[in-house]
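Taking it in order: structure first as structure tokens, then the write-up.
The first chain written gets the first letter, and so on, giving A, B, C and D; residue counts start at 1 in each chain.
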Amino acid sequence: MSTLLEIENVQSGYGEVQILWGVTLKMEQGRLTCLVGANGAGKTTLLRTVMGLLPAKQGAVRFDGQNVTKTSPHERARAGMAMVPEGRQLFTDLSVLENLEMGATPNHARAAMKQNLEWTFELFPRLKERTNQIAGTLSGGEQQMLAIARGLMAQPRVLMFDEPSLGLSPLFTLNLFQIIRKLKERGLTMLLVEQNVQMALAISDYAYVMNHGKIEIEGEARKVRELESVRKAYLGA
Amino acid sequence: MSHKHFRMIGLGVLWSLLIILVAACAAPASAPQPAQSGASTKPIVIGFTASQTGKLNVESKKQIQGMQLWLDDVKKAGGIKLADGTMVMPDIKFYDDESTTERVQALYTKLINEDNVDFLISPYSSGLAKAAAVVSEQNGKVMLTTGAADDATMEQGFKSTYQLYTPASRYLAGAVDLLGQMDPALKKIAIVHEKDSFSTSVANAANEYAKSKGYDVVLFEGYDTGTTDFSPFINKITAASPDAIMGGGHFQDGTTLAKQLYEKQVPVKFVALLVAPPEPKFVEIGDAANGIIGPSQWEPLVKYSPESASAANLPWYGPTVANFVSAYKAKYNEDPSYHAAGGYAAGLLLQKAIEDSGSLDAAKVQAALDKMDLLTFYGHVKFSTDAKTHGKQDAHSMVYMQWQKGADGKFVSQIVFPPEAKSADAQLRK
Amino acid sequence: MKTTATESRAVVGTRFGERIRLNLQPFYWLMLALILLAAFIPIVTGSSNLREQLFLVLMAVILASSVNIIMGYTGYVSFGHIVFFGIGGYIAFFLMLNYQVHLVPAALVAGIAASGLALLIGIPVLRLRGAYFALATIGINEAVRSFVNNFEPFGGSVGMFFNVQVFEAYGGSRNALWLAYYGIVAVALLTVTASYLIKRSKFGLGLMAIREDQDAAQVLGINPTRYKVAAYTISALFPALAGAIFFFKNGIIEPAPAFNLTASIVSLVAVMLGGFGTVAGPIIGGVVYDRLREFLLTSSIFSSLHVAIAGVLLLLIVLFVPAGLIGELRRRIPILRRFIE
Amino acid sequence: MNLEALLASGIDGLMLGFVYGIAAMGLTLIFGVMRVINLAHGPIIALGMFSVYLLTNQLGLNPYLAIPITVLLGLAFGMVMYFVAVNRVINEPELTTLLATFAVSLIIIGLGTVAFTTTPRALDVNLGALRSGQITVLGTKAVAVLIAILVAAGLYALLYRTRVGKSIRAVANNRSAAEIMGINTRGILAFSFGLGTALAATAGGLIATLFAFTILSGGTFELKSFVIVVLGGLGNPTGALVGGILLGLLEGVFTIFIPVGWVPVIEYVIFVLILLVRPNGLFGART
């Protein structure tokens, strides 16, 4: 098994406020890794730094053996990194189809857009019904589907989810985790940042627990779930 | 290149520019005038501001060119001779006023106090000239205004300000007379003008004059300075069915108005517009220029001559029209416009006043200007000595030019009025 | 990301100012003394040349400092602030010409009238935010300009002018020009004092809270409308006074120079150049910009290229020193934050 | 009231409105995509005029052939201007970009005055006219309207039918999301800026075939563009075209009803009132 995405001792933050204090994290090809932690632990900051939306003050981000620390987000996206950002960040003025087209911006995705569109619609039949609807008028759950679908249209080599269940009804959340499981079965490498620690640990292969801008615990998700400290802090037991 | 590098380079450029500026500031701001040393030559400086930038740049530039030609001529002649035999060698010093009043007073103060100019010429346009006059009057400097035609400006009790241009009130009076002469049956005039100070003054005066002559002013309206499309307005003019259209404003609107009157085939017999038609560039609008009449302070075809001077019992001074035109063409490779002639004339009349008074003393030169009554290539010049209107131009008259298509299909600017100056008969538009 | 950085800096700066409020007094007196000192040079030397130059400098300072109150402190970019300069000029000129009112009362009436107008239009217009407000102020300036251009009592497009005789009442045009100079010095001191007092007061803190986050300011119990309108009303007073004096001195007023949008933008440039939202910034910016422009204008080396050169300089400053001269100084040498407001 | 004059002026105003619309589309496109009010808009319109004028008079091109070249020149100019003057400050507060573009306008005006002086130029283009009573439809105006419609349709097709156009809308809508989709947002911003200036230059080129102009002539159209943009809704190109037509129509009709000097007063009062009452434009699209 090879490492696809590697984050090494990354420090980052906003302006003069530092949030990440040296984070190291590895994602293996074909596996679902999850990152959990309390609010304000720096999970979103980490994802933004990995994607390049925030510059890393120190440390390195390596994707597929290449150091991408200095590259811009769109270059990382073109290299095969994709992200389903927190709060969906849809193009609310564009139609559903246009959102999906925009997802398929990297060259390889553009070439395979037709097939990808087909299986994405298979995955999300609701979106197919609403192809020409303006994204901003979709319901919350539909918007989350679209955000994931848009990420998939990039035909990414690694897909990172930032709090995908935030604001979803329990039913939708269940649906969401089923979809993530399906994607895992297809062999997609994924990073899942979740507040729903229970479910995240349940479907993940490997887990990181983050606190105060640092990784506190890491290990096989199964094992992490058993840890007393984790159970106490995140699983309410 | 990284942002840091970019920033460094930018800062480098910025600082070096600033350093150059500071260094240039520290260096003597104005290079001293080359001293025309020699026992009997005395250098003097004539100062003014000009609209090198901003909307009045063209007119102002021509005026400076005219003045520069005058300077060349004086230098060629070895200077201006005073009574005591000293030769006065004039030079000019000017700053850009950007066509706005904001800095005019400061610049004239600087000219007077720092550059120690001896005499002043006004900036171009009446508004600027008025602001400058406050300063020059206060300092007791003689100022000749050229390119400033407003009447009211010259009725503010000035003592040492002299106007070269025929005042605005008389700009279109001749056009009204010409219309009557050509066809007394044409009685309906539409007066449409740019809504700025100069054009409004002209239009107001024309309106009164036309009414006093029994004309029916069917439309009297001003349009905003920024107007670019006259089509809707022309429909309104057409609806008033005038025989003649008079007015306009400056070059740009005048050109467009003429062009659109032609395009819309407005059935008027007579069109007289301010400022634009006498400019040689006006003819770029092609056939639309045909038959357009323009009041002009001066035209290359004017017939002022030493002979006409003696006939009118006036002294003649300066070059002949032909000499001026050919010298100007030789130097600038274009026909002189009336702004250029005005620039030359300003220098020339100052020269005459200095010669007459035999002195550089402001009061004496002022007295000479008060007495002045003569004919030059620029025409008849005499200043009002009435206390109320002191310095206002009394004698100079407008000529009226018309673009006429010659036999070869080329357009020629002919003088059509007054009769004693005309080079061709005026034509009514078809 | 840059935005966040600037904002946090500004917030830090404000907090800082609040903490050491009492130590800042000398700065104000120093500023005042410097302006007075400069103002006295022509009075002592009697140089009318210096007087005229300082007149323009002080006018630039007044226009920049007053627009800074609404723009720098409150965060509302008033693009057409020159409208108050024109209105002040017109009202004062009208009174002086038709009712032989002396400059001083005429200017005061004009100032109050302009402020009153700002109060009236401020209430609806200040509801707009960002670019919408900026555009509205342009619209107001143009509407007033074209209105005055048609308004015959103000001379319409011909404007109004004084007979030289008018100046006789002031002891001749020479004395009139000196009077204008004293007037502009007084207005400049007044403007700077107001600018300083506002910045240091609770009112000013409220304005800056509105600038940082209007909705949050509201939560803190600040009535944004009242604060903004008050700032706008105050900021309209000084340009009106300056306009009254300027056109008195010129002896002529016409719509185009009175409501010149470019002059409006120039004062924004001065604010940016010196430092947005500071007291000293607009002063420095006004001085530097005015002197630089005159230098370029009158220098034979740059002759007709001065407009383009001013553009290049401005661009370099905006790109590389966006915080302005004072802002950059305060950023680089933190100790100065104690002394320079 | 003369009905025929009213009709004729309405038609005249309507035709000019299309050209106004194209000019305003450039301004509003740039604002919509990157929240920048381009104060060099007017001078760029003037550059468009001179581009057509010089290509016609110096190289002897047909003016209508000079327009597509002007479009390309406008695009190139805008992209260069973006990288030189805007890119560095794109994330700064509004005032900074206002001043950056104002600086560019000073540079254009300064150099333009030196190069071209302020002597008005006029193109002598004559395409005949259709006439019926007072109503005149000039060939040049009809062609200008046609080109304006083509340009507007082209812009619409670009924005809604092509990938790059959709990317522009995506960037306008959510810049950082577009970036993580792999869209080169800097490139798209530069291209949009170029597109906006190309529209301005095109409008300038069309205006040059109709009226006399100088390097300063863009100023009027810049002010009118502000009015139009507000009528149509800031950031809404389709609205700008409709706003332009509306403004042209208003100007035409008002000219007949009231003294022509009062038309700008009405225009600006309407402008301010609309800002106050419907800041999102008459058609109240999006915020």
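Here is the rule we use: a contact is a pair of C-beta atoms (placed from the backbone, for glycine too) under 8 Å apart; a residue touches a chain by one contact, two chains touch by 3 or more.
Keep in mind that what you see is a predicted model, and the values were worked out from it rather than measured.
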Exercise for the section: Going chain by chain, each one touching the next, work out the least steps from chain A to chain B. Expected result: 2
Practice task
Considering only mean CA positions as chain centres, point out the chain farthest from chain D.
Solution key: A
Exercise for the section: Point out which chain occupies the most central position, where each centre is the mean of Cα atoms. Expected result: D
Exercise for the section: Would you mind pulling out the distance in Å between where the CA atoms of chain B average out and where those of chain C do? Expected result: 36
Completion exercise
Cα centroid separation, chain C vs chain D, in Å, comes to 32
Exercise for the section: List the centre-to-centre spacing of chain A and chain C in whole Å, with centres computed as mean CA coordinates. Expected result: 51
Handout entry: Residue list for chain B, restricted to those that touch at least two other chains
Key = 53, 195, 222, 224
Practice task
Would you give the residues of chain D that are in contact with at least 2 other chains, written as numbers and ranges?
Solution key: 88, 109-110, 113, 223, 259, 261, 264
Problem - chain A-touching residues of chain D, taken from the complex the two chains share - result: 163, 166-167, 169-170, 172-174, 176-185, 286
Practice task
In the complex, go through chain A and note every residue touching chain D.
Solution key: 51, 53, 72-74, 77-78, 82-83, 85, 89-94, 98, 101-103, 105-106, 109-110, 150, 154
Practice task
Enumerate the contact residues on chain D facing chain B in the complex.
Solution key: 2, 4-5, 8-9, 12-13, 16, 88, 109-110, 113, 117-122, 124, 126, 129, 131, 134, 136, 138, 207, 210-214, 216-217, 219-221, 223, 251-253, 255-256, 259-261, 263-264
Exercise for the section: Give every residue of chain C touching chain D within the complex, in rising order. Expected result: 1-3, 6, 71, 77, 124-125, 127-128, 130-132, 134-136, 138-140, 142-143, 146-147, 149-150, 157, 265, 268-269, 272, 276, 304-312, 314-315, 318-319, 322
Exercise for the section: Provide the residue numbers of chain C that touch chain B in the complex, in ascending order. Expected result: 47-49, 51-53, 55-56, 146, 149-150, 156-159, 161-165, 167, 172-174, 177, 249-252, 254, 256-257, 260, 263, 292, 294-295, 297-301, 303-304, 306-307, 312-313, 316-317, 319-321
